[in-house]
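Both of the next two complexes hold chain A, though its partner changes from chain B to chain C.
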Partner chain A sequence: MAVGSFFGSFDLSSFINALILGISIASIWLIAALGLTIIYGTAGVINMAHGEFIMLGAYSSYMLQSYFGLPFFLCVPAAFVIVGAIGLVLERGLIRYLYKRPLDTLLATFGVSLVLMQGVRLIFGSDPKYIAVPPMFTSNFQFGFVNISAFRVIVLAITIALVVALWALFYRTRFGVQVRAVMQDKEMAASFGINSDRIYMLTFAVGAGLAGIAGSLFGVLNIVLPTMGAGYVVQAFLVVVVGGGTLAGSVVAGGATGELQSIFAYFTNDTFARFVLYVLIVVFLRIRPQGLFAPSAKRR
Partner chain B sequence: MNIYYNVKAQWAAYGAIFLLLAVVPMIVSDSFLLNQFATYGVFGMLALSLSLCWGFGGILNLGQGIPFGLGAYGMAMTMQMQTQDASNPMPPFMLNNSLDHLPMLWEPFRSTTFGIILALVVPTLFCLLFGGLMFRARVSGPFFAIMTLAMLSAWGTLILDVQPYTNGANGITPPAPLKLGELIVDPYSPEAYWSVLALLFVATVGAKLMTQSRFGLVVQAVRGDAERVRFLGYNVAGYETTVYTIAGFIAAVAGCCWVVLTQYVSPSQFDTTFSLSMVIWAGIGGRLSLIWSIIGAFLIQGAQSYLGDTFLSTWLLVLGGFFILVVRFLPKGIAGLVETILGRLSTRQKRNGADVAAHRLLSQPGE
Partner chain C sequence: MPSSRRSFLKTTALGAGAAIAAPYAFVRTIDQAWGAQSWIKKGGPIKIGLLFSLSGGLAVPEEDSTLVMQYAIDEINKAGGIAGMPVEPVIVDAKSDFKVYSEKTKELILRNKVVSIFGCYTSASRKAILPTVMAQNHLLYYPTCYEGAECTQNTICTGPLANQHSKDLIPYMVKNFGKKVFFVGSNYVWPKESNKNAKIWLEQAGGELLGEEYIPLGGSEFGPVLNKIRDAKPNFIFSTVVGASDIAFHKQFKQEGFKVDTMPIASLTTGEIETRAMGNEFGAGHFLSAPYFEALDNPTNHKFVEGFLKSKYGKNGTTHYNMEETYLSAYVFKYGLEKAIKAVGLEGITPRAIRDHSGGIRVEDDVSPEGLIWIDDQNFNTWLKPKIGQCQADGSFKIVKAAEEQVAPDPYSIYPDLGKCTADGLKAPDGKIRKSVI
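Then we have the complex of A and B:
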């Protein structure tokens, strides 16, 4: 806690613990940012409702589990489908009219986030909900002096799997080629017969679905509340902004910010660490305003 | 010619609205209600500052709560220190947090003058520094909006965290009203209302004059196309920083007034919801029009107070839905609607659309 006395209390094993916790924090930041990355990276939409998509993912898992008795590991893909479908409806009903006005997508999606938050509060009430997981995941792993909860390892594993899957989707499939073509030059892509409207629609739905997966996992790590999304959206945006809007950028940025947060928190405390980190990000953007790995595509 | 663009008519409208607001204390005798109206004046200042920054400068600022909150904390600390004396030098909450002497941070607030100056200067300097950093790096548009949001949440967590200095989530509740020399500012008096209104009036007139000046024209050109203005040899970052800082200063003044009126400040002034609701005021009222942004703040805050109790559970739902509709169909807010209606009226009279088209060049919807 005390900044001045950390040399006295410096302890290698607990520092390594902090580093490992940092990897876990990084995976949480990254999984929250994945959906935002592909939505922003592809269509340039600033989706302020992303946090509420995460919240919807948590609530859909909760609902499936407590009303239909679905086992937790089926809730995760189900959350992807449900929130993805909600994202699809939102894109068709609202976002597609705003692609030419990026600031207005930010405003409109903020309106959406208000509606979703209040809507969920009306349906489920504002008392906290809990998602149960099989007991083996609530235990802690212990390797020597390193101690980490099993569920955090699972979140890390799912994050890695999702990054690999997204990489394969963008760089190894026909759809991915189309997405990257639209990202680089929409008009040119259209002249090669790519339906950019459809590409935007599908990437938005996939991005929303990813937020759903993140939500179903966060619902286990924390309690499920209608307001839970607000905390994640700023972090997720920072990862996207620092990374420059590309998948690789988000992975590196998520890793770096999570690790730094954990190291600062080791020396001071959680909230102060977050403040220092945010200030560092502002300074970082002064030096590299385009982010870590900005696409060399033309400016929109 | 659309009367909406007529500068004389605009000044007349401003005068009429402020006259109307000035007679409110003669009609309303309930001092509690008057105090509430005065806080609407504070919200009006915030909406004005956002209209200046976002509507005229094209800089969407989701962190207007920072200068507002910093100003409010500065004022609250000043007012708190006015009630402390030699026998009782420390605010009670510090004793509860087991501090044994007044922290350095609080020392300057012993002097009322110096405290108020600090409450205004610190937020302004922050905006200058942060805006300067960001705009010189050519961070703009949505990216700047996100960074202001991040900064806002950073300040919020910091103020929550240093509980011994700020009383954390409980905030600061100065026990007595502000004393300026011999004068005690009663927050429930008509004089307090008129003072806030006068400040709002000065800010509005200043902002309006600014938008009509050469400086204002360049700022609007930056909104239209920053790259072109840069190629014409203007220092775009300088103009952006200036307009952002002026908006921050107005917000800091609003923060000071807020604490004088409510005798209360807490980290909730740094909530993202509060800063975003300022954006909603300006957005629904019409960000391109100073006065309509202020009216937007009055309308929405008024509706929230009076309808909020009836539709307690659905108010956010209604507000969010309404905001989506405004963004989708009325990018210029209610002001845009008024502009169109007045335009229809004048073309019906004269059948001369050329003037209107020429004026449209200045203000284009949603970029």
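Then we have the complex of A and C:
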């Protein structure tokens, strides 16, 4: 491809549209990664079943909507509760025995992901499911040359709200202080009377619940299938690893990857954009393996 | 200890020799074994392999293929089987994994001793198993559309080739919506080859190609592509996006404010099952080219749809082109086997003999839901009538155009330099024949 063709077709209004789309792509990457950020950042668990938590979120929305007739906007918080509860059960039944063996959590959660995928297939069948949204969300907004779909705005708004809520949870509540204490030094925190076991349990549940919210939104943008999580888990891991496992890191990493993806896709094409993005991520991690904002203090 | 070292070397050399010779010895014993006893024992059962994915990402279309094959086999058995013998399917799960496809192929041929294999949905899985199928001189019924550019002596295909698929669709869209078109496809071999064919039809129809974009297989982010389409302002979109991506594409098309009346998507894959998965409001108004639609109005199709949906295999609640093409393959097998038995007797039946007697096999109106089709006696693909359907508000398709004549399949239509596919192999322009070209 000639270099000239990269910039030959440059057009300011389309470029601005691409930048706006980049924000939307960033919000999708980020919301997929939020739950993983919490789980990885706090407990250090490499949760391979994160994609399947997203899938469960989509299926719980589908189930509530088609069996109980719940309106879509109630399905989103309900997905948080349902998938959070599943995460809680999983943490109590399996993950809590593996905190001292991080590599085993990788294998165990991978196994869990297969079980969840096949379990959902057995219950719901392998044909794709469908989540209905009110007609107003299947349209778009147009201001002059700026164009964006209503549903992308909703995803962005929910992402911002979740980030703010998480920030408040971690930096403005007693629970948050305890979580950060456990993150920094588990034994020291325990000696001050913090029950680290309980902290891990709750953060894992919250992380799973966040994946559930992401899933209920992705079910509208995409397709509801037992295998749908696989596509998002890679993105989520990239965001978390580039960000360094902190909330601020994930926000910046999600924003940067989404924007870069959109800008590269604007100048070349989608496949090439992904290629460039992944190369850049590898180079970045070579230079800064700890990620953007790694927690500086010692962990556990 | 030189002696033991020597014996070690000797053993190793022997072992290596045996390892190299083993496959040949194996193949020979198989050949000899089957030379002595026939593939089908007198009185049956006739064993066939169903090689589809029942789990993993490909399960969505391939589970339906397994179900409709079982339905067709039940139907054939109820009507007295093939030459008086019942058909018995051996069902395996290929798990959407190309290694498993190839392992299961060996298992079906060598252990289960099936006389034919029905399987695969993607070209990637087909290409994974063809070397085994050809090495064993076996027979694969490939029951869906593909790109062509293959000439083996061991396959029969009942779906449309790239040269048949978009032949009518592109001129129809140009005539009704305008000359300007944008191509969007999934990033693998079938969309790219299909687009090469579509470009030829587009040129003949006087159309203009504004852009061509590919999305990674399974990708779900169509924002950048849709932004480009918005800037290019085509009259219609030609889509070869497949699977889950296809559903994301149609959803985001509407969510981004595109209007189906002024810029419809003309697809080669968005059928009844996809439309149902995305929701009818996202599918309505778009176009599909396929040889079969559930809405085809003829007595055979009414019987097929009703019979299938009422049977224990019809839980998915719809029929679609991929299912119907698979259904046809069961009858192509039945007729081919009957013809072969008449010609060479039951003892002479081999997978290859079935294939060699399948040229020109016709599935008539009273059996084929899409209407008369027949197998080409040179390249063993199917002569069929592509039809164009427009998706309605209720998710069903209205047939807006049907080819008047069956269109000839030609796997090398865009590669005339490579030659023509004949029954014995690919015949190059200089007259040389190459066997088993994939």
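Just so we're on the same page, the second predicted complex is superposed on the first by the 294 of 300 C-alpha atoms of A that agree within 3 Å, B and C clash if a C-alpha of one lies under 4 Å from a C-alpha of the other, contacts with A are read in each partner's own complex, and residues count from 1 in each chain.
In this text, a residue touches a chain if its C-beta (ideal position, glycine included) is under 8 Å from a C-beta of that chain, and two chains touch if they have at least 3 such contacts.
Small disclaimer: the values here were computed from a predicted structure and weren't measured.
Chemist: Could you look at A:Thr138 and tell me whether it touches chain B, chain C, both or neither (first, second, both, neither)?
Modeler: The second partner, chain C, only.
Chemist: Mind working out whether A:Arg274 is in touch with chain B, chain C, both or neither, as first, second, both or neither?
Modeler: Both partners.
Chemist: One more residue to check, A:Tyr171. First (chain B), second (chain C), both or neither?
Modeler: Touch partners of A:Tyr171: none, neither chain B nor chain C.
Chemist: For A:Phe68, is the partner it touches chain B (first), chain C (second), both, or none of the two (neither)?
Modeler: After superposition on chain A, A:Phe68 lies in contact with neither partner.
Chemist: Is A:Ser14 touching the first partner chain B, the second partner chain C, both, or neither of them?
Modeler: Touch status of A:Ser14: second partner only.
Chemist: Counting only touches as set out at the top, which of chain B and chain C does A:Arg121 meet: first, second, both, neither?
Modeler: both
Chemist: Where does A:Lys129 make contact in the superposed view: on chain B (first), on chain C (second), on both, or on neither?
Modeler: second
Chemist: Could you give the residue numbers on chain A that contact chain B in one complex and chain C in the other?
Modeler: Touching chain B in the first complex and chain C in the second, residues 118, 121, 230, 269, 271, 274 of chain A appear in both lists.
Chemist: Which positions of chain B touch chain A when the two form their complex?
Modeler: 60, 130, 133-134, 136-139, 141-143, 145-147, 149-151, 153-155, 157-158, 160-161, 272-273, 276, 279, 283, 313-317, 319-324, 327-328, 331, 366-367
Chemist: Which residues of chain C touch chain A in the complex?
Modeler: So the residues of chain C in touch with chain A come to 54-57, 59-60, 63, 187, 213-216, 218-221, 223-225, 227-228, 230-231, 244, 247-248, 251-252, 254-257, 273, 276-279, 281-282, 315-316.
Chemist: Using the touch rule from the top, collect the residues of chain A that touch chain B in their complex.
Modeler: 46, 94, 97-98, 101-104, 106-108, 110-115, 117-119, 121-122, 230, 234, 237-238, 241, 269, 271-272, 274-275, 278-279, 281-283, 285-287, 289
Chemist: Give every residue of chain A touching chain C within the complex, in rising order.
Modeler: Its residues touching chain C are 11, 14, 17-18, 21, 24-25, 28, 118, 121, 125-130, 132, 135, 137-140, 142, 147-152, 218, 220-223, 225, 227-228, 230-231, 261-262, 265-266, 269-271, 273-274.
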